[in-house]
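Listed after this line are the structures, all set down as structure tokens.
The same chain A turns up in both complexes below, where it pairs with chain B and then with chain C.
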Partner chain A sequence: MRLPRFKYSGPETLEQALDLLNTHKDDAKILAGGTDLLVRMKKGLLKPKVLISLKALNELSYIKKQDGYIKIGARTPLADIIASDLIQKEARALFQACEKIGAITIQHFRGTIGGNILQDNRCHHYNQSDFHRSGRQACHKDGGKICYAREEADRCNSTCQSDGATALMALDASLILAKKGAKRTVDLADFYTTDGIIPHAMESHELLREIIIPLNGAQSSYQRLAYRSAIDYPIVCAGVLLKHSSKNEIEEARIVVGAMSRSPLFLAQVSSSLKGKKLNDTIAFKKAADASMDSSAAFAVHNVGATLEYRCAMVSQMVFQALEQAAKCIKG
Partner chain B sequence: MEKILITLNINGQYCEVMVYPNDTLLEVLRDELDLTGSKESCGEGACGSCTVHMDGKPVRSCLTLALEAQGVKITTVEGLANGDDLSDLQQSFIDHGAVQCGFCTPGMLMSADALLKDNPRPDDKTIRKALAGNICRCTGYTKIVEAVAHTGNPKDHCPDCNTRSNEKE
Partner chain C sequence: MSNNKSQFSAVGKRIPKLDAAQKAMGRAEYIQDIKLPEMLYGRILYSKFANANIVKIDTSKAIALPGVHAVLTGEDVPEKMKMGFIKDNPPLKKGRVSCFRDEVAAVAAISPEIAKKALDLIEIEYEELEGIFDPEKAMEKDSPLVHEHLKSNVLKMPWNIHYGDVEKAEKESAFVVEDRFTTTWVTHCCLGTSGAVALFDASENLTIYTNTQIPSLAQKDFLEALKSMGLENKRVRVIKPIIGGGFGSKLDTYAYEHIAILLAHKCRKPVKIVFDRAEEFKATSTRQPTVIYIKQGCDKTGKLTFRDMRMVLDNGGHTSWGATTPSVMLMPISSLYTVENVKYNAKCVYTNNTYSQAMRGYGNPQATFAIESSMDILAEKAGINRIEFRKINKNHSGDETPQGLKITTCGLAECIEAVEKELKFDGKNEKGIGTGIASLIHVGGGARIYGSDGCGAMLKMDDYGKVDIFTGGTDMGQGLDNITAQIVAEELGLLVEDINVVHSDTDICPWDVGAHASRSTFVAGNAALGAAKKVKKKIQAFASKLFDVPADQVELKGKLVLVPGDPEKSMAIGKLLRKAHFSAGGTMLMAEHFYDPDNQNMGKELKGNMSMTYSFGAHGAKVKVDEETGKIEVLEYVAAHDVGRAINPLLLEGQVYGGVVMGLGYALSEEVVHKNGENMNANFRDYKLFTAKDAVKIKAPIIETDDKDGPFGAKGIGEPGCVPTAPAIANAIYDAVGVRIFDLPITPEKVLAALKEKKSATTKI
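== the complex of A and B ==
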């Protein structure tokens, strides 16, 4: 498969990159690793006139602990995150998620954490070749007015299958977005728009610069289910964070279910139901897992592989396993 | 759109090539430099048959722009053997019947070679994890895993097997 034509520019500094983005706006796309972008371009889903490469911007590749936060540069390769002791100890869910993304051959150089968060939503009916799509009317995401995943749907039902996003949302992360002359911080939960066509609340001249994870002594876990152990998107995934008090009671819980909707689902009500429960209360975990399944089933459509019934049933399993594992980590 | 002159360091040799911005490293290797060992199969990073080394780490050449492959040491499957003298890993693939149609073999060799440089005596689980990104539709993987395990540890792995890689010793 050939890539469509584009102009390549490789800025040397962040300022130059932001300048270029400001000039080209919608015509430009940022190229970090390219494992999502180049595939979409090859399939004709995207035809940017300019690609702005972050290859020379080593200033965007770092993992550091600062002022009670873990700060990760957006262009940090997944392999660096997996190898980091800090992430393994303090943000286990992110470590587990990154380990599952792509394969070793994608985690070096190419796959970046920023790219994983910003990957576009997917759908079996949309992520197809030009030729396949040319045989039928365009769907919502392709500029048409039809949804092949859910009959008579008035909007796009594509699914956010990012491993990193689900884990980071469980960790209550926020993002720093930069544009020429300004930057802003946005909560990851607000960053996802729940719109299948434009899944991220980000302007075309903005660039993802940094990911911030608060350090609060909590334990986290990430579980995912996919057909293949490598190079596959999850069909269901769950990220969980548990913070405990001195009496071995849960003080705060965050349950996030991914790959079931247009954005990762933070289940606030289910999460708060775990407050005050003991860490070894398996029945409460089971109840929360079943409630997660009920809450997320309403959003899912049959568009990423396995049958809907199976995916919904597995939500409960993934959440339960993640809760058990996080509780086990706290107990040591 | 104009072609751009780039310099690539491939298998220890510097090559100057004119490329378009939308040329992938794989296309340049195969079409411009006649290094047809690396294969294109899925073209979207799922199968691993285009795997090459960049600075010793395995990467997908179908998802790497040729423009972005400058300044690193690239090794393709042609760079594994020394002339006609196959590397131990390549010989072990032949001896164990790990090659059937052969299309995935260059990618498998490159992924396995990177693993063996990091970890000369990997166990089965480690080998399977390192090769998880490569698809083979013929062998069922067992022979490939055996071939890699044998290279790292010929005596303990199959002391009785009468393969050329054992005879060498």
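== the complex of A and C ==
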């Protein structure tokens, strides 16, 4: 499959990039590693007139500790995040998530954390070549009126399969979005529109600049299930954050289930049910895991190649494993 | 192991693939790289439905697009131009489409982009019809017909045999087991996608560059194609570029080749058609899916009494080699282990699904999955250890099986022992861990499927001791070039670097039936050896006069022609060759040999010694089952094969590793997902081919039984690597957690569902 024609711009600084974005707006897309964008363009899913490459913007590639936060540039390669001592120790869920993304070659040469968060939602009915899609009515995400994943659905049910986003939401991360002359901070949880067609609350002239993770002495873990050991998106995944008191009790928990819905699902109720529980309360963990499954099952549709039954059942597995792992890190 | 290995100078050596450096440097010329002057680019338009009438095709806008040289539809295809061995498949469909991959139109244009644009401009009106996707339903009397001019969806095939008396044997059996297994569509995933470049000369002779495993048979197919176009008595030249993998996917001739020919003829320019990866997934044929019913029985001592198998094969919309897989499946059915009473019936049924062709193993993996799973089930019922059970029924050298296969060399026992040595089969594994074993039989000395199973080789020596050998054989990455060079080098006392293997051109190379049935080493190897032997005789005759000794005292070693024990009587081979050439009545040394093995066509009852010798093997797997997620981890894998002799152990291991990984994908994760006949996972992300990270460490013991008919004792090894993998895994899973999966691939979902069922069944008690 061939790429549609486009104009390539290679800005040297962030200012230049924001300027270009401001000029072209909807006609332009940002190109980092391109592992999501270029594949979609080859399938004819989108045809931006201009690609603004971040290749020269090394200023967007960094990992630092500052003012009680971990700050990561959006264009930071996944390999850097995996190799970072800071992230392995203080934001372990992110480390575990990035380790599983793609394959080692992608992590080194192409994948960026920003790209992973901003990947488009997926659905095995939508992510097909334009020839395949030309043989049938267009679905919601493709500019039409029906949904192949859920009969009679009046909205798109595509899934967010980002490992990075799930882990970061568990870590209570925020994003810094920049546009020409201004920037704003938004909680990752608020960044999602829950609209399958346009999943991110971001203007076309905005660029993701930085990811901020609060350092609060909590431990985290990320677990994901996939068929193969490389390349595959998660069938289902879970990110968990546990903050503990001196009494080895859980002060705060954040349970996020990913790859089940239009955005990662932060399960507030299930998370708060763990408050006050002991770190070795396996029964409480099991209960929370099953409750997570119940809460997220309603959102899932058959659109990522695995059966619904299996995915839902595995939510419980992934959440449980993540809770156990995070608790172990605290004790260990 | 053979004990005279040390005497070989080239055979038995671990020599890297001759074109490895070229390939690694990106200098190998694949079909993708071929560029000819004035060449046009062809592209094919496929159907939008599984089953539909073509009401109207309007190509006017496409033809009008600047840069487009030709647009063809089914109307432009000569009536007699049909593909497939039963000739039911025109390269462009007229009037009706019977599956999603059916070709309905094609264009030739000056660039690939314009060709694609032209396809988008072709307007087709279809009348959609209800599709038939279940072969067992399609078999029923009142089922709608896929092809309305036929009386039934069931093909007329001879797959119905009965050796001995199965009913009687069943009555006399102490233990009988009966089960149903299924295998589904998987695909070859060759590194290089399909493609062809066709061109005609001024006299309308055809040259076609194509990835083919059957250059001589393709030549015949294309001559017929030309005849159907009204071009009689023309020449066809088939040239093979470097082929990026075959695995059976290039054993037929295809729509894209015929379409390239039609376009090239119409445009009077070369036309190139190359598939992109999505097209490769959707428009090439898969492995034959099967529904298998198997019944096996044994007596009290564990001796097999009968094997009764019945299959339903989804033939898809048209016919390719898939419908003949029963001819090969009969081999393990009648001859894997010794069993006297065998019954086999296979029905091939048209549906509106995709259609299948040859794929590594050619039905053997499917049949062996059922047989070897069933063997474990039967062993358990009889209360006999599963390894013992196999030893009780093992094949022996000298056996003649019910199908008439004559077993000569047979290393099955040694292969099973090699597996036993590496893995524990005593059942004392940790929780969730288990081991499994499965054996194989495959043809190892050619396979007489056609009237000829032969291969020709022509050899010439130059003035310096270098050799050109022209072989009908095909290298598609599996290493026939190396094997040929090593065999010739060994026989003539030369270095492998001195041998130039030419196998690319039907104008130059002799006839060969094709690179299938793991026959290349055996048949092409013997052809090369035969030619080398003839040249050696000529050299010995010349040297005999020169050295004044009887010819049989002359040896060729280390690039010398010499008489052992007499240092005076020794000459560099180049010098001898020049002496022969540059003298009065000079001669240059050349020879040819056409080797057609002494095997038999199967007769009416499908009986006959199909191959001159048979390869055997046994695989063992150790797996860990995650009982929470159903995921299977392969901890260890042993693949032992009786190969006669390893001409090149390095390449042999490569064949085994590759075959095993392919077989593991087949067992655990690969599946072409169809939704109402439409391919839903036409890319490597959604088609779960094993990645490098999924590959496991494989031990590959090589058992050498030194077959007297093979070149230097060698038998075939191309396919065996992927034949018993699925049952080895299924048996290991059963050993680990007590559940058996009967339907491939063995996905985590299936394992989990089976575990759940087992749990609820036991708690009910």
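General observations
Criterion: the second predicted complex is superposed on the first by the 332 of 332 C-alpha atoms of A that agree within 3 Å, B and C clash if a C-alpha of one lies under 4 Å from a C-alpha of the other, contacts with A are read in each partner's own complex, and residues count from 1 in each chain.
Assume a residue touches a chain if its C-beta (ideal position, glycine included) is under 8 Å from a C-beta of that chain, and two chains touch if they have at least 3 such contacts.
For clarity, every value in this text was computed on a predicted model and none was experimentally measured.
Overlay on chain A: chain B and chain C clash in the combined arrangement. Of the two partner chains placed by superposition, chain B and chain C are both touched by A:A103.
In the superposition on chain A, contact is made by A:K55 with chain B only, not with chain C.
When the two structures are aligned on the shared chain, A:T35 is found in touch with chain B, with no touch to chain C.
Contact with neither chain B nor chain C is seen for A:T185 once the two complexes are overlaid on the shared chain. Once the two complexes are laid over each other on the shared chain, residue contacts for A:I231 go to chain B and to chain C alike.
By the touch criterion stated above, A:Y8 is placed in contact with chain B alone, chain C being left untouched. Of the two partner chains, chain C is the only one that A:S134 touches; chain B does not reach it. Overlaying the two complexes on chain A leaves one chain C stretch of 307-315, 343-351 or 649-657 clashing with chain B, which is 649-657.
1-2, 103, 228-231 are the residues of chain A that lie in the contact sets of both chain B and chain C, per the superposition on chain A. Taken in their complex, chain C has these residues touching chain A: 46, 48-49, 112-113, 116, 276-278, 628-631, 669, 673, 678, 680-682, 684-686, 688, 690-694, 747-749, 752. Interface of chain B with chain A (complex): residues 1, 20-24, 27, 43-46, 48, 51, 54, 57-60, 63-65, 67-68, 111, 114, 129-130, 132-134.
The touching residues of chain A, counted against chain B in their complex, run 1-8, 10, 31, 33-35, 38-39, 42-43, 51, 53, 55, 79, 102-106, 108-110, 228-231.
Residues of chain A that touch chain C in their complex: 1-2, 103, 124, 128-129, 131-132, 134-136, 225, 227-233, 305-307, 309-310, 313-314, 317.
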